[in-house]
Every structure is written in structure tokens, then in C-alpha cells.
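Labels run A, B, C and D following the written order; every chain starts at residue 1.
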């Protein structure tokens, strides 16, 4: 091999039969380093689904349909340069401990997102495992921490939308630190474990709030992100609402303000002018989730309700792409020194 | 006719080919006075659809499928005891002026909802027509005003959900008068006029905010209702979100509070203990829109986010039933001295 | 009690936490004999859900929300005049044997639908339990067999749609006995047991064929019905397709014909002219499932493809209402000597 | 420029604000020749939408959001190497006549699909314009005709699915030439013109057959394709069914057969073994539309109903991708001598 040849990258995905794992694979199959042969997809693992083919779970991933899923274990995950962990919460720490430090571990779960051990224990229970560089490069300071990182905590889907929706406002100090968030989400955010409440018959034709009253586990993560940007505690009320679509989050976030619509919009366009994935819509325009389906784009609309004295920001993401697997691949790109946007699109699949 | 025989009631529906008119007819077809022959369905009118059959627009209304729609005019609507107006905004005043005072006019449009002429002009434009008794019997004082009324303004769908969600809290004074509302709605609230933004291909698989920044016409109506109950101005920020279902509104409403969850819940159960259609769910339980589809029920969940110091109330209605035609029939019942619940159900069609 | 007072009817529902059981209860809550107090809803039972409230499973059934579910057993079901069995296949026989012959048993399951023991064993496995009067009154001879019956087998949802779609044609002999059926169905037909394939994320945005090649258990039931009407074997190819809606079946059925559209349409209007629930649409008009949602109506469109020499009949039903619980209540009405249409509507909930 | 530099390709899209035009652009934005700068996107045109930005119609196409749409005219379309026509039927001929023969014209409309002038007149009306090389490379002989072509007729969406589903069977002679097709489709196939019947409120929660009795315009196109492959007339009965999803066609096609499942499956795997986009699923497995959303893949399941003596083949495509714009780009690739799969994926966006 000459010194011009790219270094091969061998990638494993743990939890490949779930939605997050499947989306990581969907994106990797379109990654330019996969297409040119530099990046190869190695071991794919599962829990109960070990021994079955990937195609029986993800028939949309045709090129990998015949791959047989291995057990998730340190042994099966060893020997890869990058390992995506798409496991139930609480299962990542052991791989973090036993896989070499040189392996880029990208955890799509919640285990290493929170820097506050008490918040972890309160919302997730069990033992706190620590925190890792946070895979939301658009937050102040986050991008630098991800370059060359070998341990990455991918943000939750709601925190991705809500944090990007309100970070510019709290950073610029144009709002009181009292944010109200109502975010509607498609069903895939709830994962693939079969539950009555997630059956098609239950969710089709219906909207349902859950975790009302600050109970959703993503609340402390939103507080952490916005407070860090604000340089002081930001008070957050967060209500998630399940709606009948498979993908997408639309987060409506507001806080008291005294600025006008033009000033607010200017804060946002300035904050995101160099971001490849975050797009601030023209004044008077607001996003729809369909515009970002399958893409890593974040579309943001900014308004001020002058009567109510409230800044209202609406952000749309695909919860599985930018909200999970896209954020994971974006972070992997930074960790490996690749172009940050490689394999990721700003073009959604619509209508 | 002996004095024991019930007085016949002859009902017309103007705008019968639209969604609101169709829903009024659906409910009337199940009304006990229709089933026993006392109430008869007279003239059905339409605009451009005049001359066509009702069945070509509403194939679900089988018993009336062969009815031919008349032009909407004072002449075609004359000679009825009750006239439901399901017309575009701004078209009701002329019928109000030219039909006899003895006719019960139930306006499903917005023309007579607002008591503030300036708010009317600002949000609807055109000349202010006045205000009528407001068809939301569950608000303080409203029920008495509807008994025997011959002019009734049916509330907007969002104001129905939002006002019932927060009236008890502002009446009891357990919140600051600063309410933030994000309400998701099915598509039928936008009516039946063909528009690109309402096509199935646009709305399926997508959530979209609109009227962001206090622009939605239902905002002043919510302010009017909550301020009247509070006895002082209530500040309202309202954001509607369109989601991919045909029927249903889920309104998430919040305001700063210092009470705890138990106190808040007690305020609600007390406020609605005698209401036949409003059901406060047990603590920790929150509604879904599917539970109320096709019914006149309002299901309400109450929570307090202690960390954020916020009361969060979630209300579910069917926008076409309790939010439009059900509220209209409930008001008609009161106006005519009938049992308030006649022809209206608390049982939704689920799943 | 005077001899003018109606005889009280006490009804139990076994399997009340599932979709079929819930729909039986939804209909009973609107039944005139329930509303006048003659019919009372007694014991409600469940399997694993015994001990929980009905409201925790069916929040749309507000009037029964606080009812606690009993275990399903001969003991808990004893002492009722009517028992609806909404149990997994293979569980009904024991109740049939141990409950008195005087009890009207209405089985919403498949146990007693087939008259051919071999077909039963081949498609369902296990021991054949026999056959009961078949709860599809619109088939020739069926209505009479249901009057006064105390054992009733409610048809499957697909066989209800397909049999009513094609019985007139095979009875009149206007087609070759070679019927091809492709029926799309909403998700509720698959029941409420949590399965990955039925998750909202799987079914939303997707159409999927299953049981292709004659494997679906409803195939022999369709063959049985059409062959009985034809007076000879009718060859049936049946493919079900799952589509993203909760309720509704649209069955497209065809067979070679030499008659023209007018003749075919006349056969159908004649066959169903006295049926209260079956409505043949005008020529050139075809049904949509939404028109019959929540109702017991069957809407049928009839066409002849002259180029292909094929009669094409499309039938729409609500799989949970006419296809299950509505058929069950209709049959109960006949068994008890009540008006056949009591508590059942021809008006769907649309849009 | 050296002789190694690739020849620049300048592409125009006429009808860019519709669904077909938008999908062509979505695919071009991911085409490797666009990404390396060889292919540039030139003029985008519209009818009534001329003068507005592309972003106001297709907010998912972020990189082109600020492009202003020109009028559709020979002048605005001149000067391009490739012109995609995504216009209402009957509008393509004039561009075909007035643009130079050297321009690759790819017509996504129906104008040049049929080789039978009478069939054209009967189903479309107006003057027959002729026929062009047919953009379904997987049909026998079609690929060669597309290499170097400068006039291409992209197939209809239903004919793409149905022809690929049944061409192997009729070519191999394993069925009688009597095919019955019921194909469910998402709403985007109906285009973006606002019509009541296509509103979200109408299509959500409903399935509806239309064009029943052989009236759909795609019928003669299916007959043409299958008859050409069979070498004799194939009799086709085709019923389309609209279901509540935005994208996707699932075509269930059947015909009498005497072969068994294994033989039938072998015919299909052999027929498509070298096709990059057509994937025959393992025996006993059947496709879902979600697996192909946004991709150019065709997934096919093959079964034999031995009782009924019927071959049943189910094919899934994305109507906008393989069924329209993907087929168009695939054909363009062939016409220009590019790799056939460039810019097209076999990986769908699921769940």
C-alpha cells in the first residue's frame, strides 16, 4: 500500500436489527468511503435476533440482506476501527471498558450523554457511567471536542431538535431563561420493541402526549445543553407528543423576549450561517418534518409573538437521521478527520 | 295534534357539502328527535355544489344520499325552525339579518364569536358584525345564555380545546396569566376547499407549524375566553401544528404555577364534576385524540412540572364534533330546551 | 314487573380488552335497549389483563372506564343471557360446552365458522369443534337460521366483505366460478397482541401483502360461502394487503363474465334491495372505506371490464363493525327477536 | 480543458414545481456527475408557478431553494443537453418538435408511451403524437433501444410495477394470458393539482378504488408491455386502489398457471438475475412498499396458489422514483452512456 492509499476503516454495528442500527447502515451504504471501498461494514450484531439475516429485519437494506447477525459481545465487536452501539440504555458501558481506547465508539444510546450523575440516576436509574464528548457539533465548543475523539455520545432525538432550536437565543441572551417546548414526534423514536401502545392501530389517527410534567428522560439533556450555552441555569418545560407518522420531530420552543422578529431572525441566521446542516428559513416561513426525512438537515423557523412577548422557534429534524444515526455518522466523520458532511444529505425525501 | 305531541322541529343546514355541514348532518341522523320523527331535516344548501346530491359529497351519510343541494339563500333557508350555518367566514350576517328572530340560527363560522370589534377587524378583516351567545356551555355563565337563545356563535375548534383546558386554572387563580399553547390538529380543521398544502401527499408523513407568532385567527378568541374567566387579561401564545390525521385536536397548555399536582388535579375535577362531556383523567394519565373521535367528549389530563414550576394541561377533542358540529348540536339542544346531551355521545370510535 | 315490561338482558363480554371486545362494547353502549335500561352490561373478562380497568385499555369507552376486568372463566361468564366471546382462536369450545344451551353465545372467533373439518385442521390446526349458525344474515338462508339461535359464529372480516361482494354474482350465475380477490385492510384486523410487524413505524407509509398464495385462514371460509350460494365449488384466489389505516376493508373481487355492466348492476340492486345494511352504489361509483367507518354498512360498487370480460365488484366495510362486532350485534338482535338494526348505523364517521 | 475532462452536461427540468419534477431534481442532486460538477442543473420551469422560488414548492430541495422558476417554453428550455419534461399529458409534443434532435428529451408524461394510436385516442383523447423508446430497461429489448436515444418515454407508474411483476411469467409461458391486477398506490401518483378527492382529510384513514372496470389510462400500457413480451395478446383487468400513504405502489398480479411455486420462483430469479434494480425475494417472502421508498429498487415476491391454480406475483416500487423520476434518470444514464445505476439507489428509506 502506498502512502497515498486511504487507510481502511472497518465498521461494526451493535444492535443492527433495531431502527437506529438500521439507519446507521442505511447511511453507511451511501457513504463515499463505502462506495470507494475504503470503509467496509464488518460485524453486525443483535440480541434476540442473533442468527437471523439482516434482510429479515431491514428488507430496505438490500445490499446487506444476506448478512447474518452475530451476538452482541466484546469478542464479536473486536477488530473494528469504528463501533456504533445502538443498544438499549445501560448496555454500552461494558463495551466502552473492554474495547481498546483506539476504537472509535459511537454510542447512540443515553449512557454517556449526561454530565450530572444525579440527573442520570433520577431519570434512568442504575449506575452512572460517566460522560463522553457530545455528538452535536453545532453546539458551541462541541465540534472541536469531537475531532479525533474515540468515545462519542450521540444526543437524544428531542434534545437535538430542541437544543438547536434554542441555543442561539439563550446564547445571545435575547430571551428569559424559561423555555417551554412541545415537540411532536413520529413513532420510530420509540424503537422497535413490540408494545401495545406503539401498534399501528393505536397510533394511526391519533395524537397523544406522554411523559407530561417533566418526566421524559430527554428533559435533563435539554437543560444541560441550553444551560451550558447560556452560562447559567435554563428552566425547561418539555412535553412530547406522539403523532401518526414514522419519522420526524417538530419542536415548538418558546420563551419570553423583548426583541422583535427581525432581531431574532438575525441572531439565528448569524449563529448558523456556516453550519452545513442547519438551515434558518426566511422570516414568515416555518418548517415541516417531511422536508428533512432521511436527511441530516435541520430546518428552523423563527417568529416573535409581539402581543405575547414571546420568541417562538420551530425546528424540524428526522429523529432517526440527524436525531440519531445521522448525528452519529457526522460525529464519526469528525472523529476520523473526514469531511464532516460525507455520506449525509441536506435533501429530504418528499412528498 | 294533541297537546301531548312534541312540537315538530324543521332543520336546515347551509353549507351542507363541507366538513362542518356534513358533521352536523351526521349527528342529526343519530339524534333521538330525528329517530322519533319530531325533528326533520329540511333544506340542505351549498355554494358551487348546489344542484348536486349530498351523496356525491358525503357518501357516509347514506340516508340522505339522494338529497339535492339547493342554493344558499334567504329564500331556501326560510321556513325552518333551526338553521345551521356552515359557511365561509363573513357570510353569516346577511342570514342573521333577514331570517326571523324566532329562528334558531347556529353559526359554525367565526362571524359572531368575538366581542372586540378591533380584534375582529385585525384578524378577519372586513366589517364587524357583532357577537352572539357563545356556544361553549362549559364556560362560566355560558350555559344560561344559551337556554332559549335564537342566535348562537359556535366556538372555533382550537378555542374549544384550549379554553376548556385552561379555564379552571385561570378561574381558580392557580397560574400566572401567561399561557403557552401548542395544539396539534388533524387536517379536517382546514376545511374542504382544495389547496396544495392540504393534499394528502403533503400532509401524510409530516408535521407542520403554521400561523406561528400569534397569527392564527383563533388567538383572540382564546384570549377572550380565558380573560373573561380570569377576570383580567390573560396573555396567550398559541401555535397550531398540523399532523397527519383527519380528525382531532390535542392542545398542550401551560403556565407558571406554584401549586402541586394534587391541588391542580383537584381544581379540575371539581370544576368539571357535573359536566356531561368533559372528563378529567386520573392523575398521571393523559389523553389521546382517538379516544374522542366522533364523540362530543373532552378528555383532559393535568400535570405539574415541579422542576419548571409549570402547570401543564393536555386536552383532546374531535375538532369536527365537540370542536364544531357537536358543540353546535349541544347548543341547539339548550336553545330548544331539549336534554343537553341528546344525540351526542361520550364514546369515541377507537381504534 | 308487569307483562308489558321488557325482559331484562344481561350481557357479558369475554376478551373485553381486545379490539373486537371493545367494539362490541362500543356498540352496546349505543344500543337502544342499553339506553332504556333493558340491556345491562355485566361481566367483562380478559386474559393477562384481568384485574385492570377497562379504561386503561379502552379510554374511548368512558361510561365503562372504571370497570375491572375479571378472569375469563365459565364461572365469571355464567349468569348472563348473552355472552360475546372475543377470544383467540381455539378458546371458545370450552365455553360452548359448559355454558347452558339457553345462553346466547356469540363467538367472534373462528372456532365454529367452517363446516369442513379438514379445512379447519388444515388452516387452524388443532381439533375441529363443529360449526354454528353463521352470522351473516345477508347470505341466502342465513337470517332464518339466526332467529332464535343460541350459538352463533360471527364471520371473519375478509369473508364478510368478499362474500357480500360476490354472492349475488355467483347466485345469479353471471360469472364463471373462478373468483380473484385482493382485499386491503386496516391494521386492527390483526388484533392487539404486540408484534413488530404491526408497530406503527412498520405499517405507516407502507403497503404489504401477506398470506400470498392462498395461505390466509379466511380463504376456506370465502370458498365455503360462495360455493354454498353457487350450489357448486367456487374457485377462490385471495390475497390480503395491509395498508396504513386502523379500520376498514376494501375488497376488489373479480371473475370472468359475459354480461354487461347494466345487467350486472341490476343483479346486485335486486339482490340487496331489502337489506338494511348493504348499499349498492350507482353505476360508475365505487366505495371508500371511510364512508363506513364505525358503521355496520356495506357499500358495494359494480363494474364490468368489457375488454377483459371481467366482472369487478368492490366492497367496503369496517372490519371491526360489520366485519366483527357489528355483525355480532346484528346476529344477537336476530337471536333475541329484536329489530335487526337496533344499535347499528349505516352512517359512517367521515372524513 | 484536456481531452480527459468529462463533457459537461447541462440539464433542464420543465414542470419543476410538481412531484415528478421535484423527484427528478432530488435524484440529480445526489447524482455523482452533479457532485463532481460535470452535470449542472440549468433552467427550471413551471406553468402558473413561474416566477416563484423552487424552495416555496419543494422545501426539501435545500440546495436549490432560491432558484426562480422560469416559464415553460422552447426558449427557456433551449441550450441544455438533457431536458426532463414533467408536464401534464398532451404538452410534450411541441417541445419534441422544436428542440434539436441532439437534445436528450426525457418525457415523464404519457404522450409518447403508446404505440397504438387508437388506444391513445381512446384513453387520452386528442391527437396521437407517436411513440418513443420506452424507458423500462428491464423489458426485453428495451435497454438497447435506450442507449444513445435522444427521445425517451418514461413509463407510467402502475405499468412499471405491473409489467415487471408479470413479464417473466408471460415470457416464459407459465401462465394463461389472462392477468388480473389490483395495485394499491400512494397519493403522490395523482400529482399536485389541488382536488377535493386528494385532500388529506379524504385520503387519510381510507382506501378507495377508482377507474374500476378497465377505465384507468395505464391499462393499455400494461397490455402493450405484456403482449409484446408474450408475443401475443395478453388480456388484462386492472384496478387501482388509493391508500393513505404518500409514496409507493404494491401491485398484486395473478393469472392461471399449472406450474408449482418452485418453478415459478426459478423463472423469476433467472429473469432478473442480472438486473441491478429488480430483486426477487426468497420464496415465501413478499414485499412492502416502505422497503423501496426513495429508491429505484423493485422488490418482487412470487407465489403459486395451488388450490386455485393461480400464479400470484406482488411487486413493490416507489411510484415517484422507479415509477417516474428514477426510471427517467436510469434512462438518461443509458442515453448518455453513463453507468446505468449512477445516482440511483437500491436502499429504501425505512421505517
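Operating definition for what follows: a residue touches a chain if its C-beta (ideal position, glycine included) is under 8 Å from a C-beta of that chain, and two chains touch if they have at least 3 such contacts.
Because the structure is predicted, anything quoted here is derived from the model rather than measured.
Trainee: Name the chain whose C-alpha centroid is most distant from the C-alpha centroid of chain A.
Mentor: Between chain A and the rest, the longest centre separation is with C.
Trainee: Report which interface contains more C-beta contacts, comparing A-B against B-D.
Mentor: It is A-B, judged by the count of C-beta pairs in contact.
Trainee: Roughly how far is chain A from chain B, centre to centre by C-alpha average, rounded to an integer in Å?
Mentor: Centre-to-centre distance between chain A and chain B: 39 Å.
Trainee: Centroid of chain B to centroid of chain C, CA atoms only: how many Å?
Mentor: 34
Trainee: On a C-alpha centroid basis, what's the spacing between chain B and chain D, in Å?
Mentor: 45
Trainee: Where in chain D do residues touch at least two different other chains?
Mentor: Residues 19, 188, 201-202, 204-205, 244-247, 287-288, 290-291, 293, 350-351 of chain D each touch two or more of the other chains.
Trainee: Can you list the chain C residues touching chain A in their complex?
Mentor: Per the stated touch rule, the residues are 19, 186-188, 190, 192, 194-196, 198-205, 244-246.
Trainee: Using the touch definition from the top, list the residues of chain A that touch chain D in their complex.
Mentor: Residue positions touching the partner: 19, 22, 26, 29-30, 58-63, 188, 204-205, 246-247, 279, 281, 287-288, 290-295, 297, 299, 320, 345-351.
Trainee: Provide the residue numbers of chain C that touch chain D in the complex, in ascending order.
Mentor: Residues of chain C touching chain D: 178, 180, 182, 184, 201-202, 204-210, 212-214, 219, 235-237, 239, 241, 243-248, 250, 252, 254, 261, 286-291, 293, 301, 303-310, 312, 314, 316, 350-351.
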